[in-house]
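The following pair of complexes shares a single chain, subunit A, combined with subunit B in the former and subunit C in the latter.
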Partner chain A sequence: MLIWRPNVVNYIVAFFIILTLNFFLPRLMPGDPLQAIYGDDALIAMTPELKLELIQRFALDKPLGEQFVAYLRALFRGDLGYSYYYHAPVVSVVLGYLPWTLLLSGLALVLSTLTGFILGVEAGFRRGQGLDKLLLTTLMLVNGFPDFFVGILFLLLFSVVWGLFPLGGSLTPYASLKGFDLVLDILHHLVLPLLTLVVVRCVNIFLLTRSSMVTTLGAGFILTARAKGCKDIRVRYHHAGRHSLLPVVTAAGLHLTHLITGTLFVEVVFSYPGLGTLLYNALMVRDYPVIQGVLLILTAAVLIINLMLDLLYLKLDPRINYAR
Partner chain B sequence: MHVDYWQEIREDRLGRIGLYLILLLALLAALAPFLAPYPPEARVGAAFSPPSSRHWLGTNDVGQDIWSGLLYGARTSLVVGCGAGLLAGTISVLVGTSSALVGGFYDSLCMRVVDALLVIPPVLLAILVGAYFKPHLLTLILLLAAFLWPGGARIIRAEALSLKEKKSVAAARTFGAGSLYIMARHIVPDLGPVWLAVMIQDARRAIFMEAGLSFLGVCDPTLHSWGKMMQQALEFTYLEVWKWWLLPPGLALSLTVAALSFLSFALERILNPRLRGEREDAGH
Partner chain C sequence: MLVIKELQVSFGELIVLKGINLELKKGEILAVVGESGAGKTTLGLSIMGLSPGRCAGQILFKGKDILALSEEERRLIRGKEIAMVFQNVEDALHPLYPVVDQVMEALLIHGLKDKKAAQRKAMDLLKALGLSEERTHFFPHQLSGGEKQRVLLAMALANDPEVLILDEPTASLDAITRAEIIELLKKVIREKMVLLITHDLSVAAKLAHRVAVLYGGRVVESGATQCIFTFPRHPYTRGLLRSYPNMTTVKDLQGIPGPPYKPVDGCPFHPRCTQRVELCFREVPELKSLGDRYLACHRGGIIPLLEIKALSKSFNGVRAVREVELTLYEGETLALVGESGSGKTTLALTIMGLLPPDKGEIWLEGQKVLLRDKGFYQRVQMIFQNPKSSLSHRMNVWELVKEPLDVQGWGSEEEKLERVRKVLEEVELPADDFFLRKYPHELSGGEAQRVAIARALVLNPKLLIADEATSALDASIQAKILKLLLSLQEKRGLAMLFITHDIALARKVSDRLAVMKNGSIVEEGPASEVITNPKHPYTRTLLSLAADLKEEISILPVDAQRPK
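Up next is the complex of A and B:
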């Protein structure tokens, strides 16, 4: 039975913890639970009829147990609540911002993995030489910088000082560009946030690949490949590089988790209209339904991706099964 | 495992740099009331004045002295880092050793909770809970420690499991020592180096998260924090103020985090002697 494997249970428990927190936090806060559930904006729009409707909808006049069931029911219908700041259901607000986050984090995932891997292979191949030392020290240094500060540095350097890229946003407003110009405009706005994420997030992949490369290069099959007369580049990527991918694949879950949280902060720096900016604005006006909705969706995404990766490893490497 | 930390860290170049940086920061933070020319929240000059002899790093949009804010920010970062690191490390040791020693159902229950918490990114949890509590110093430490301990607990448990098999523990048992006595006198003292490594790692993440939460405006707005300084300064990138308002807190934060990373690299090498050869090769 696949479903009862311990790691599947972990994810179910984790998701339950999140749901419970989401449910209990607003209801245990002192004061009117409606305010804690809906944020300050709701109170301005509140009429007695609306209040009555909301109390009924959340079963706030019933015991906590029934409220929890009502909450779960609403979630399974895909109802994340209603934002009085945007005057729209949370789901539709979130869906409006989601594509930009997907674009940014998807591209960042591909590019950071690729960059980290190539740099790692090259550095590991030249261990102890100039290039390796340079890469190792620079990337270790970058590793200490928070994502949003690297973003701020790029913003200041490329946009404020040199004026090469726009200061923020994802499109030039009111330009009504079409076709190819629109794509160029989107890319132009995308460069800096993407660069930030790639630089910050490639470090771990680089370190993993590099150390794995160093071990792999001492293995017998590398000597064989060389003895066969394989070209340098073929040994580097086809033999050693491919073998060094294993730790990168194993760490993919952690990499993705860091990437998603990093995207939130980088979006805020560049006012990129994705979930990070939505969350930031919601935090500023304490729009609790949106805060909860964004965090719930992000956590669910992280959990689902990690669960799928876990199950994938079982297929890829049967040894993991015995180790557990 | 008995290690002379002081000696080992001083012999390691990176570790030495990290240690001196942390000591310097701690000194600046401790002496902040004497070093800072003004209270950080007082409006003491014209808005946006450039650096001068009166205001070393100029003033911000409401005329507060930035150098003073920076010093008090160091206090927050270090207090949050130390507090959350200590607390999370202690919870890790309590949960890790007790589940290693007791075993059975208790062990699997603890590890189930740890595993479940490990798959949720702590930053997201901290934002969610922080949004309701608007945490100040103490609540922030409690909040961060509550989400940072599970990683350490796993490491400590693994270490305690191997320490439990030592002959000295078996000898103590034959003399009639109980679980609590063994935990306090045999296991916990030997956990020292691992505990230290876990705490430094937790402190580093706590400082990172505090800055991040303040940057997003989750924390109590009266908390003096580097993250909050950066959040406020980011709105004024069109003026020249970023040179003395936005960059200093960012660099200070990066330096603090880097110093702690250096320390944990040095400790990792002490804990795992097999790394010594490889690292020296790479870093000579």
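Up next is the complex of A and C:
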């Protein structure tokens, strides 16, 4: 456990820096920080009493150090500010949308990595053969499209033209479904946005796995495995695949940010009630506290998932511990 | 029994192995040696059914043709009945699994169901091969090269296979680990059929009963290990031995001329062979039995260039040369060692035809020499001890080196000039007009001897007799001239009869050594053998008196005192 401690420290430092930036940016902008925090529109409707309350709340009449402490305290209480658009604390607004994004992006992360990996292993193993060429060409083509474009394409084809899936949302409104029916309904709504993300996001994983497979298959231990009498499938996954997984896990962390931005776009396309839609709406109405809150949550999520991948990597590659 | 019949492996147009016929018997170790790229590993992989190339021919194991089996049937044999240990390059073991799991896998694949039992067995095996208990759970990167080799061996032995293929089992190991692994191998591979693939001749010598020399995808020579390594008959085998640094042979290292193998018609070795004839360009020699070995060479192996049969010569009743029998092979140096007056020079002069023999015959390239015509001197040349007296002081360098060409009536003046310049360059002399106009008295001792060598070599002879050719020179210049002669030998296959009284010198330049005393050859054999294990007391005397850098003075043994 001692071994990965510096790693965790890195993440804590990174998170702290982000918090600091989040604190300073509005205050560094010219003019009234309240204006920077809430925007012009919100201030027009503001009464002097409310303004005074807000100044106290952010400790704007105190020195910068105390303001920072106040900011951190509020943060640890779970106070991300107040949205005047939703008339609710930012935390509760964000928490209302967060589960849908977690569901969508989490499943997309797992499924796209899995799909990309399996396709990559199979294509790499059959390098230069029909299946490999087919996969490579198709996925390279898909790779050229942005997420939202594929999303729109799917939406048009599957929902508008063929009517197989709902046009948007995460649930059938007012259906008050329960139990298994509810799960089915959720999945039914989830299919298209998830499919869009998986299709687009698996390409990088696929390409990486494939090239990693091609290198790995030339390694001596593959020959050793075959000489032992291993079946093809065992050579492919237990030996070559397992080894090819290493760069994939590294890259999964790097691609995570793309996945998250991708999720935001796709949510907007499918009117999926996640953080993306929230962010989009907040941008439209310049609801700065919500924007800031969403971004903070997202950065925290990216950091946490990266940390988890780092820890996973330690499990995957015994040589890392040794090298330290 | 494993029988390989007419095996051919090709990658597209490129044929990597051709016409391979080998047999492995139970309890026998066959070493396959050769340069990298000769097809050794491909041979091992084809037996495993893992060669990516296209295989034709037959590999019969227990009466079944492995090449004709389905992939699934082959898989069941792999690792179970035929196992292979790969070269211990760093990645022969999977980096992400503990080694005991990797050994265990070999057991589980081939039918063992109980995981616990498999692990126990794998552990026992690793321990038996010298890995300590706690290290069995280590990952490959935590083990040393020798330990990894043990793991690889354990993996191959896990299912107690009948055939074991070892691919460079000791490459990249240090000397001590290598010795341990060889020891271990000796112990564990009894009662198996073993194919040992190696370029390390020492490992082959220590482990193998028989050896097959592979060149350009063909077996060029095969036979009992000691027989092949002591008396190589194929020029390639000799080249391999000459370029292999070891403590047995004493001659300076020599390479094999020309670049590594490229596909050619005819004998695969002919572009690098110094005794090739026209036939070698056209036809591939068959591997034929010679009694003690199999050999693929149109010329029947390294040809005897000069044979001296029962040669005698006396002066006024003093028998200077008595019944001498000597054979000198193509491209080799035979050192003739003995004290002054032992008859060495007389023998040389008789060979050259400068003295008529009383009795006996001299054969050159398989034909009896009846008269010394131009053809003879074109093939046999001599250099003498003192260049200042062997070069005419009336002629300049150009005339001296050109003279043999004039005598032979060879080419026009321009061609001669070109040839002379080339040969001067070969002996590392300047070839400019200024140097060509120099007279012997203007040359240093070393330069003069080089001119003498150039004169001898200008006709491109097959045999050079060097009579104390360097004894008048400084050691440093002598060393250079000897290097030059050896490199010419390597390049052209020049055979040398090297006459010297200095056995320390003979040791560095000769393949074989003959000791002459009072006109007779008293001992003859491979230089290493004569030096390390002298049979005749006279040889022992010469050896004990040879130059060394020790403090104590060697004392002449009593039995070697000269009769007064």
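Rule of thumb we're sticking to: the second predicted complex is superposed on the first by the 246 of 324 C-alpha atoms of A that agree within 3 Å, B and C clash if a C-alpha of one lies under 4 Å from a C-alpha of the other, contacts with A are read in each partner's own complex, and residues count from 1 in each chain.
Just so we're on the same page, a residue touches a chain if its C-beta (ideal position, glycine included) is under 8 Å from a C-beta of that chain, and two chains touch if they have at least 3 such contacts.
Remember, predicted model here, so these are calculated numbers, not experimental data.
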Per-residue touch tally on subunit A - higher for subunit B or for subunit C: B
Touching partner for A:Gly229 - first (subunit B), second (subunit C), both, neither: second
Touched partner set for A:Val9, first subunit B, second subunit C, both or neither: first
Which of subunit B and subunit C A:Phe221 touches, first, second, both or neither: second
Partner chain(s) touched by A:Leu171 [first = subunit B, second = subunit C, both, neither]: neither
First (subunit B), second (subunit C), both or neither touched by A:Leu316: second
Partner chain in contact with A:Leu98 - subunit B first, subunit C second, else both or neither: neither
First, second, both or neither for A:Phe149, with subunit B first and subunit C second: first
Subunit B versus subunit C as contact partner of A:His243, first or second or both or neither: second
Contacts of A:Leu60 with subunit B and subunit C, given as first, second, both or neither: neither
Subunit C-touching residues of subunit A, taken from the complex the two chains share: 219-221, 223-231, 234, 239, 242-243, 316-319, 322
Sites on subunit B touched by subunit A in the complex: 112-113, 115-121, 123-125, 127-129, 131-132, 208, 211-212, 215-218, 230, 234, 237-238, 242, 246-247, 250, 253-255, 257-258, 261, 278, 281-284
Interfacial residue positions of subunit C with respect to subunit A in the complex: 48, 50, 75-80, 83-84, 86-87, 89-96, 102, 105-106, 109-110, 139, 141-142, 152, 155-156
Interfacial residue positions of subunit A with respect to subunit B in the complex: 6-7, 9-11, 13-14, 17-18, 21-22, 25-26, 29, 36, 127-128, 132-133, 136, 140-141, 143-146, 148-149, 152-153, 155-156, 159-160, 167, 211, 214, 257, 260-261, 265, 268-269, 279-280, 283-284, 286, 288, 291-292, 295, 298-299, 302-303, 306
